[in-house]
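Working notes, structure below.
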Amino acid sequence: MTDLPDSKPGRAHANAQRVIDFRSDNVASASPEIIAAMLEANTDTATPYGDDQLSAMLNDRFSEVFEAKVTVFPIATGTAANALALSALTPPYGAIYCHSAAHIHTSEAGATELLTGGAKLIPLEGDGFRLHASALANAVATAGIGIRNRSQPAAVSLTQATEFGTVYRLDEIAAIAEVARSHRLKIHMDGARFANALVTLGCSPAAATWRVGVEVLSFGCSKNGGLNADAIVVFNPDLVEDLSYRIRRSGHTWSKMRFAAAQLLAYVQGDLYLRSARRANGLAARIAANIAGIPGVGFAAPVEANEVYLTLPEHKIDHLIKNGIQFLRRAPRLIRLVCRFDGSEEDVDHFIATLKVLE
Amino acid sequence: MTDLPDSKPGRAHANAQRVIDFRSDNVASASPEIIAAMLEANTDTATPYGDDQLSAMLNDRFSEVFEAKVTVFPIATGTAANALALSALTPPYGAIYCHSAAHIHTSEAGATELLTGGAKLIPLEGDGFRLHASALANAVATAGIGIRNRSQPAAVSLTQATEFGTVYRLDEIAAIAEVARSHRLKIHMDGARFANALVTLGCSPAAATWRVGVEVLSFGCSKNGGLNADAIVVFNPDLVEDLSYRIRRSGHTWSKMRFAAAQLLAYVQGDLYLRSARRANGLAARIAANIAGIPGVGFAAPVEANEVYLTLPEHKIDHLIKNGIQFLRRAPRLIRLVCRFDGSEEDVDHFIATLKVLE
Amino acid sequence: MTDLPDSKPGRAHANAQRVIDFRSDNVASASPEIIAAMLEANTDTATPYGDDQLSAMLNDRFSEVFEAKVTVFPIATGTAANALALSALTPPYGAIYCHSAAHIHTSEAGATELLTGGAKLIPLEGDGFRLHASALANAVATAGIGIRNRSQPAAVSLTQATEFGTVYRLDEIAAIAEVARSHRLKIHMDGARFANALVTLGCSPAAATWRVGVEVLSFGCSKNGGLNADAIVVFNPDLVEDLSYRIRRSGHTWSKMRFAAAQLLAYVQGDLYLRSARRANGLAARIAANIAGIPGVGFAAPVEANEVYLTLPEHKIDHLIKNGIQFLRRAPRLIRLVCRFDGSEEDVDHFIATLKVLE
Amino acid sequence: MTDLPDSKPGRAHANAQRVIDFRSDNVASASPEIIAAMLEANTDTATPYGDDQLSAMLNDRFSEVFEAKVTVFPIATGTAANALALSALTPPYGAIYCHSAAHIHTSEAGATELLTGGAKLIPLEGDGFRLHASALANAVATAGIGIRNRSQPAAVSLTQATEFGTVYRLDEIAAIAEVARSHRLKIHMDGARFANALVTLGCSPAAATWRVGVEVLSFGCSKNGGLNADAIVVFNPDLVEDLSYRIRRSGHTWSKMRFAAAQLLAYVQGDLYLRSARRANGLAARIAANIAGIPGVGFAAPVEANEVYLTLPEHKIDHLIKNGIQFLRRAPRLIRLVCRFDGSEEDVDHFIATLKVLE
């Protein structure tokens, strides 16, 4: 089930019918709170390139959120956050381990290869679309550490929640970290949907990251209510200086940084990020709970965050499309639905009802 | 006067006095019109990665503005716009000619070297901080075209308005383009302050770009009222496909592209970009007109856009700082003041008065 | 059986016993004819960087050998030949398809990633350690051509003979080329053991390369009697200029090129390359013919060139080591023996006898 | 006098006259001693990739030569040696200071930019074609250390002897090293003509390198009697492991390394390198001593090693060409003559006589 193309969305017919959009969480609007914060940031002048007051607050605020001294770099996209974070974890001749379904491997156009100077991504298989400690251990064992013609094991990248909406348990990450530590691999977490995973895990941000060995986190915001900013959160202070230059030279240091900082501050203010994720996850759970048992409908992955992967017969897929349900087709009979923070129970119920019609 | 460091700004004392900020145009706020457009864009869902309706309008709208079929890529920063644009103009073994004061050479942390795969920037001297056709011709003549151990001439990058606030005349660009054409060099324009230059030239966007040979433009918006989006405007359609992949893999393709498109659409709507630039230029001209002749005060560059470079004795510099005037120090006796679209005549006059006090 | 580490060789005991070396063909000496040619080249002065007379003869002589106008670039190593050849076939955002056991993927320390500017190698499985047209077709079909977040299919690399000593049949390559052509992929052949494959195929160099769609060939010489030069042979003239700069800037253009040209000229003179490969292949065939049927001994790959991959019980492996037989261990029970142009029937027979002792 | 193109050599007429070749030292033959060593290396099998006995001797032998524990990497070309050495000294966002005439800057097709991942070469002017400590100090002072949009000072590269045949005095290097140390810059020496400089200095290899602060040396051999191998000599052991991977992945690790090791061992055996350089330097000194004072003939640089740069009127240049003297033209009236270890007094005297004819 790995390395599938992003098929074009099943588009709704252009009639007057209601359109219900499950294509992705990045089709969502921006949270009113985040919009408001950006407006509020728009006063007077501010020192550019992250030396403004809001940016200064970012590190403090996120250090509270993560219960540790962290450094936050707002970044335009998750792709850039991932590739830049990894560029600080590997030499150009390094190997980076990830699940074969990892976004960095399948869907970032070689960003990691570019920004690391040509490091090699090593895709590994793993049940539930999660990398397993044993698979990592096996891979490293045969990697040829110290052999000059081999890409040298340098880092591990975990997507949390995964690309298929599953969530790593903390002990799974800890086990991976144990393998990583014994071979001096560094751990990156692609948290494009980090908030969704946190809600599922019900643990603190600290427990989900540095306490289980994560050194740098791509902290998603765009998919969960942000406008156009994600972030890199660095737990290992040794990485900060090097990374700051890499970010600048890849063109990812905004001059008017306050408008990115404002988004991220609002995103964690009052746990907005968790509230938004809880809502999206809840919608996905509502789907899962109500379609289980429909003949011909299978779950391609357990529903643990805000994504629902279903296998359906073609006529059911056609029926959904005809009824204005939008989603992505990942394979001939495999569809993906993503629930959003700004989605509605009404839309979800309409989808469920539509799916049941043909039962 | 080339390759000077960005010195730390002369910061105002922390007393209650009024602070007047001439440090840069990127300390500015965002235009209300642009803010409004972003708010308006925040409705319902939208297809990600630039396949939304606002992004679709971008190409059409900018094609009208530039009186030619253009392709527009919103980009997070001017640094990224420059380096990515150049990456589509040169092979990795290419040479890119620019003025020695060019931002791409002095102040982008090697972004061009990174994103081109290691092309070489060749800084050339030129009066008025402008590259001259003759200097380019001389450089290319001795470059060793076809000689395998030489970086091969591939592109020219012109900053318009220049880093020192001067403006290329159209015939100067045309003369450069003539040299470029005869050696198959492609021309990039770094238009971080393109609108300011246009206002000075009083010509159309088309006349200032593709009609004088520019193939790709870094179209600045952030310094002139945008929040966090600039753009690459491509005049040569052959560059578009290649560039689109390069942009994506450098992490510069926003998922919620509509929020960038909205900014850029608002920026050109009703010639907002020209109105804003006219205001900033006007403030700079007001300074220039009123301080000429003050003893000890010299112009380090003619004031042709929104920047004022002055040479001052140290005691005058100290006096300005003490009176809450903020600016950048570029060299021991050289200061830079930048006027903003949201600056005021009052601030300008206060600066002038402060400067005159010590006459 | 893919991506195994180069285990340390089973070294012979340090007693007086005879040492028989099957570790690789790159442990071999240099052919007397090639040595002689280098000596002969050492007269008077010669224009550097490939503008000497011997280098000039290279293109002509190889054009005769390949029955087509070709350009030859002598290169220090096969790794460099592969990575540089591929760098001329793919944009930095390209995907290169190869077998999962391909040397470029497993054993070149990321050379291709470096010299292509970060292209992605896509390993595919295939029986007999060969890439199959159908696997390529499937991979390209799901690659997402035109989708901006995907590495774009650009090239195919085939190793001939393969890393496991098997040989592509011409119709297999033609079938791959058919798929490649329909998607505009370019074909590279890693011919580190090209001569060994040619001998097996019994066809002309032309028939094995450009006539079945190969555009650029890494032409091995070192493993088959050269001292320290391999070559890139370019069939597609459009690649030559670009490649010549890439070679120079990676430091692979010798100043005293005549000493490399001399090796390559001698290597093809009087079909030395085929005679040497025939001898090596013959030794491997002699092994294969005489050990078939020994209990506990299995062939991990068909013996089609000069390599023999065997599965053996541990005690037999120990016995070989104790008796001075040198080879590589590829996995717990998997060993590789490589026969050389300068190997002997006596050595081979000694190995066979040793293996049979424990029957 | 910087950044001149390698003009095509003034070629001799194709008549029967004697041709005297002063074009470069890389047009030379190989030393008989080095040839003999390569022949001797051609016995039996040898472990590949530098694990052979001759390679093992290299480190020991060079450690004796340099009176310190060094690591030696044989490399195919000086370009590769330079770029790879520098790649171990700078991050990709680093700045490397060199003289504006440095080969790495003018004549290596961007090799350093490629292999460092896009570091920036900063050319500085300096009398005698040497970088001066004060120029370096000034450059670093305005470089903007710690400012994120600036390439960060990382390394200095000195060419010894310089591209114009001048030689750094030890106290000059020590002064540069003092500046470097205070800013944590690392020092690379491009020693394509290191032996020629040593002869001039009359000091030990240690005194000329690590004792004055050099951390890594490109150790030239090809221009002074080698066939096709130069070397990187590493004084700082912390650089070794990183560099070993960089060398491998750039395709610069020969499989039959013994043939390179043999050359380098023979090159230092019995001080062959010094004897050869002494001979070449002596020929250059003979020219310098005998043409001083010829009307119209000027020295463009002091003759301190084996290169002679002369300014001549055009008719004298024509006269030389007509009389079979080969050399490079560096500018309209500027020619370069390089004396070789295998040159003769007879040739030198013929040149002198020819030059005097027109007096």
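In this document, chain identifiers A, B, C and D correspond to the written order of the chains, with residue numbering beginning at 1 in each.
Just so it is clear, contacts are C-beta pairs under 8 Å (C-beta built on N, C-alpha and C of every residue); 3 or more make two chains touch, one makes a residue touch a chain.
Fair warning: this is a prediction, and the values are worked out from it, not measured in the lab.
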item: Of A-B and A-D, pair with higher C-beta contact tally; value: A-B
item: Recurring contact interface, reference C-D, options A-C, B-D or A-B [over half identical by residue number]; value: A-B
item: Centre-to-centre distance between chain D and chain B (centres being mean Cα positions), rounded to whole Å; value: 41
item: Whole-Å separation of chain centres (CA-atom averages), chain A against chain D; value: 51
item: Chain centre separation (chain A, chain B; CA means) in Å; value: 34
item: Residues of chain C whose C-beta touches two or more other chains; value: 79, 92-93, 108-110, 114, 117-118, 148-149, 245, 248-249, 253
item: Contact set on chain B toward chain C in their complex; value: 49, 91-93, 117-118, 148-149, 152, 242, 244-249, 253
item: Interface residues, chain B side, partner chain A - complex; value: 9, 21, 23-24, 26-30, 35, 38-39, 42-48, 75-84, 108-111, 114-115, 222-223, 226-229, 245, 248-256, 259-260, 340
item: Residues on chain D engaged by chain B in the complex (per definition of touch); value: 3-6, 79, 92-93, 106-110, 113-114, 116-121, 142-144, 147-151
